[in-house]
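After this come two complexes, each holding subunit A, first together with subunit B and then together with subunit C.
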Partner chain A sequence: MDVKNPKSPSPKKGILRTRKSKRMAFALAILLPFAIWMLVYMLIPLASVIFYSFTDAKMGYDRQNFVGLYQFQKMFSNATAMISIKNSLKAALVIVPVSLLLSMLTALGLDALSERSSKVYTFAVFLPNIISLTAACLVWRWIYHGQYGVLNFLLNLMGIPSQQFLKSQAQAMYSLCAIHIWSVFGYYAIILLAAIRSIDKSLYEAASLDGASYWTQFFHVTLPMLKNTLLFVGIMLTTSAFMFFTPVQLLTNGTPGTSTYVMLFYIYQQGIEQGNTGFSSAMSLVLMLIILFFSLIQWILTTEREPKPRKKTAVKKEAEAA
Partner chain B sequence: MSTVTLKNIKKVYPKSHNDNKHNLKETAEGVLAVDDFNLEIKDNEFIVLVGPSGCGKSTTLRMVAGLEEITGGELYIDDVLMNEVAPKDRDISMVFQNYALYPHMTVRQNMEFPLKVQKKKKEYIDKKVEEAAEILGITEYLDRKPKALSGGQKQRVAIGRAIVREPKVLLMDEPLSNLDAKLRNQMRAEILKLRKRIHTTFIYVTHDQTEAMTLGDRIVIMKDGVVQQIGTPQEVFDNPHNLFVAGFIGTPQMNFYDGRLLEDNGKYTVEIQGMKVALGKEKNERLKANGVVSQDVTVGVRPEHIVLAEGDNVIRSVVDVSEMMGSEVHLHVTANGQESIIIVPTNVIRGRSVMDSGAEVDFSFPEEVVHLFSKETQNNLEY
Partner chain C sequence: MKKKHNLSYWLMFVMMTLIAFVSFFPFVWMFLSSFKPQNELLSMPPTFFPENFTIANYTSVFKQMPFGQYYINSLVTAGLNTLVGVISSSLIGYIFAKYDFPFKNAIFLVVLACMMIPYETLMPTVYKLMVGIKWTNSYKVLTIPYFVNIFGIFLMRQFYLDLPDDYLEAAEVDGCSQFEIWARIAMPMANSTTSSLVIFLFMASYNSFMWPLISVDTRKLFTLPVGIASMVWDRGNQYAMLLAAASMIIVPVCILFAFMQRKFIEGMTSGGIKG
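Then we have the complex of A and B:
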């Protein structure tokens, strides 16, 4: 006699049996196109960069030999390469904090505006993102021009003598950084604005009733609530600062002297123009590690640590004493 | 610790194009969310603003807090005009419906915040925070983040943060409406206890009339931006000044019947579906003083005041359903197309068949429980 409930389904075989595996299959199906894209455009290039770094590959030669760390040795003993690393670090040190500050202030400003005017300004701030950077650089060349530039015209109006923005060793790098900052800050301002707008308004109301001033509210409510967004923006800015390239190529070509040689420019020269695939791959790898390093630092700095429980405090001690 | 006076307070919101679905009056400038609000709140009093959604309770509260600009009228705290005073200088704290706790701070840091902003000494802050935590029973959660707390615990923390500063006035905007029914009852009791322990003037907003009745020293009933009645829970329950208050306060709702009020030589009789109720001395005097003449009226009687009766001078009805509530039974009956609810003590009908659907019951009520409302103005004819 069959004692089992005849209606109960016999356990089916197969991979899609449980709910969990079904969900997995769904996730895989959704991610498959992305996975293929990632394979073709990210993993394969990455793997080949790593591979070529340890070879003497040159463009136009189809054979390469494994040379160990030779390319890295060559790089660290090459003065121009070292200068380009230094210049990239300098550029990042200017671009990241200044853009971050500028984006943040712009976002706060936009947030304070009324809804209608905020829309207009938001568009204005976003504009650099939809202008081709190549075209913009041509305009900037004119703005920075030593004789006829708008900037010098304005400086002269204020009684300051004309400057050689792009032709002075001291200023060229900062002038180029300014272009880069101009081209990116609006985008991040809008990301920050969206994050600011999503903060629960009652937090500010509670804080203002508790007597917190605008800046107290900014440091105790806005900033902590934006932590994740700021981390994202910081990492994106770091990456973009090290990828800083177009203005260099279009406006200075690394000059005056080597003062605007940045890593990506040097990699481009070595890899694309001179065909030193092995050398430029090694340098790309170093660039990637530098970006990774700075991103990690930011990540560690902003990661939440568990609050430590406080030691016994006044009231409890009193209670124990009594 | 303070008195709060609202004088002809008015709030106009600029008109927005997308919503026209409110019952509020519109003026040239915009939507009249609160109109001509007058109230004198005594020191240490517990005032409850109650009314249906959109009636302007939050708006009124937020004007007191300074979070919303006052369009017209005057607001005084301790006889000082507050209209233009910034929220932080009003010495008010507020508990929000959604708790509004700072998610990145621990419970302790949340509660410390108002005192830290005031740059109080550390020992003082610790003492105050721990006292408040003690009162609210959240001492063991002090080092947790809000996201690791239940709704009830979060609301306690929010209350804690509001009381550490010992504000002159404590505002609460539907603090319990995110909690489930059981927790709500429990927290209601806690708020009652809290108010015994701290000396502060409370203004409490709710749409729940039970909360209003149990918590308030006086309650303010609002509708469409207009105050309908202000009084102690007993007053508004016993003497509702209009049809809206009568229907809003009390559960189950008051029963309403179409009736006719007849005046004969200073003596009033009300006739409902053939039943005649002669009014007593008190009601006669009040109606006469108001110059009330014979007219059609809406008669209101609370379910608990109706009695099952026999004889000729009764209203005859048929039971639709009956709800056994334990010590009492709620009979839903229909009489001449008008529905009413009758509350009967269970032992009165034990063994009788009135509880069954379709059963016929006759009922009446004594004259002193009858409320008479004008068909025209919906106001209580006695007041």
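Then we have the complex of A and C:
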């Protein structure tokens, strides 16, 4: 980034004399490289995804023909593509509610514990979020090992026979989802914890004066106050569930059978390994629309009941953004 | 705060201990297993502490693949990406917060909208573009895409919006150039936000897997995540060695996190709390 440019023209000479034009020149010198980056790495790829999905574009070829909706037809008649869409939805259906529940419980737990133990436990639950998921997958691969894995050892201790986990059609997807949940729930727990701690304490005092139990307080004070944060967490979780890739790519490669094909993995396989840019773009577009759709649903679900506060927060957010 | 250690407190405590155990156990298991020889690893029932302690797994990681090179690639690219990313986020955020230019709000809205796009879905087309200009398999492709971070811009803009103009105007009157005002006055005041961003950007780049996997296919340019992934595909059954490699990637981060827990959490969740 060429940040020194605005300095070089001598302030005494040239046209850059007035304060306003100096400011303009500085802003431009920063924004120009930024605009180029945005074009190359954001806007052109985004436009290309839309454009290529209506063409037969291939990796490494400059020319492509317009083929209309052919790629979409191909996708919806392709068994593997449909399975990967189904698997992605399945993964999201597992990952989002389980992570949400687990991070809520963890947040409540961390809030209830004394400060010192809370700090230790925070370390433990947040750590999986910080380290490389790729490296963590190696450990999970070993824990899940069908013959020598420690998980099977623990199951055997409890009298349950050994399971195949990643090698089983029925369990592979859930085993991978468990890795994903393990790696993200601590992050959302910390976000929820911050929101819980920012709730006005007098609300709880009033509630306990009225004789409300812990769980009554939770459902009538904590949960309503967390609505916006929960919405935000839900949307982030949904997005991350559809962006589920590393464990699949690293541990199962879509196998056994096609039981762990997910959308992003199939996009990678088609777009990069096979070079079918047209097809992978169509799939990317569908994936983006699915994520958008679920974000909208969550947004509508969590805001419909109280129309008034929604208006207020919407206006506030706009004011913040402006 | 809450000193009443009643039944529900202990229930909470047990639940939390269980959750924390599940979270942390894989790390313990990885680290302990990495010192066991492969034949001890492949035995049932498993030993908890290594009975035949060995560091052979660690040395064979370096013998069997250019692990040192992967390490250097990861640290150099993550370091450079963080440095440039922090400066660019700070400068661009500063411009959006303190300068007026035509269509500013419209442009910022477009930038914000881009934050919503799951970037992974664009990667195949970004890759096609990079193939087109022959940038793949170079350090360029591992660094330049990380030079701008929209979330970072948003975070820094948020900080600079709250910064009073008086300081900046005073500096301008004193004859500071526009760049100096940012470098000497605005940037140092944002220290706390900037350091959160440093952690966020460094971890994002150090851990990133999908883009380096797509864009680079010569061993010389592999970063750690891609390096160990290629190891899983080539030598998948050498569990002991793989665990040693994973330990070498994870343990330094664990130690850093232990010492700078609050800063790390601030950095990683800065997106969440503001959003």
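Keep this in mind: the second predicted complex is superposed on the first by the 262 of 322 C-alpha atoms of A that agree within 3 Å, B and C clash if a C-alpha of one lies under 4 Å from a C-alpha of the other, contacts with A are read in each partner's own complex, and residues count from 1 in each chain.
Assume a residue touches a chain if its C-beta (ideal position, glycine included) is under 8 Å from a C-beta of that chain, and two chains touch if they have at least 3 such contacts.
What you see is a predicted model; the values in this text were computed from it and never measured.
When both complexes are overlaid on chain A, the residue A:45 reaches subunit C alone and has no touch with subunit B. For subunit A, the partner that touches more of its residues is C, with subunit B and subunit C as the two candidates. By the touch criterion stated above, A:208 is placed in contact with subunit B alone, subunit C being left untouched. In the superposed model, A:77 lies in contact with neither subunit B nor subunit C. Look at A:106: by the touch rule set out above, it reaches subunit C but stays clear of subunit B. Common to the subunit B and subunit C contact sets on subunit A is no residue at all.
Contact residues on subunit A toward subunit B in their complex (touch as defined above): 200, 202-203, 205-213, 216, 220-221, 224-225, 227, 304, 307-310, 313-316.
Against subunit A, the residues of subunit C that register as touching in their complex are 1-2, 8-9, 12-13, 15-17, 19-24, 26-27, 29-30, 33, 41-46, 84, 87-88, 91-92, 95, 99, 101, 105, 108-109, 111-112, 114, 117-118, 120-129, 131-132, 144-145, 147-148, 172, 177-180, 203, 206-207, 209-210, 213-214, 224-226, 228-229, 232, 239, 242-243, 245-246, 249-250, 253-254, 257-258, 261, 264-265, 268-269, 272-273, 275.
Within the complex, the subunit A residues that touch subunit C are 1, 3-4, 6-7, 11, 19, 22-28, 30-31, 34, 37-38, 40-46, 48-49, 52, 57, 59-60, 62, 102, 105-106, 108-110, 112-113, 115, 117, 119-136, 138-143, 145, 147-148, 150, 153, 182, 186-188, 190-191, 194, 214, 232-233, 236, 239, 242-243, 245-246, 249-251, 264, 267-268, 271-272, 277, 280-281, 284, 287-288, 291, 321-322. Residue ranges of subunit B in contact with subunit A, taken from their complex: 65-67, 86-90, 92-94, 96, 98, 100, 102-106, 108, 113-114, 117-118, 123, 126-127, 130-131, 134, 142-143, 145, 161, 165.
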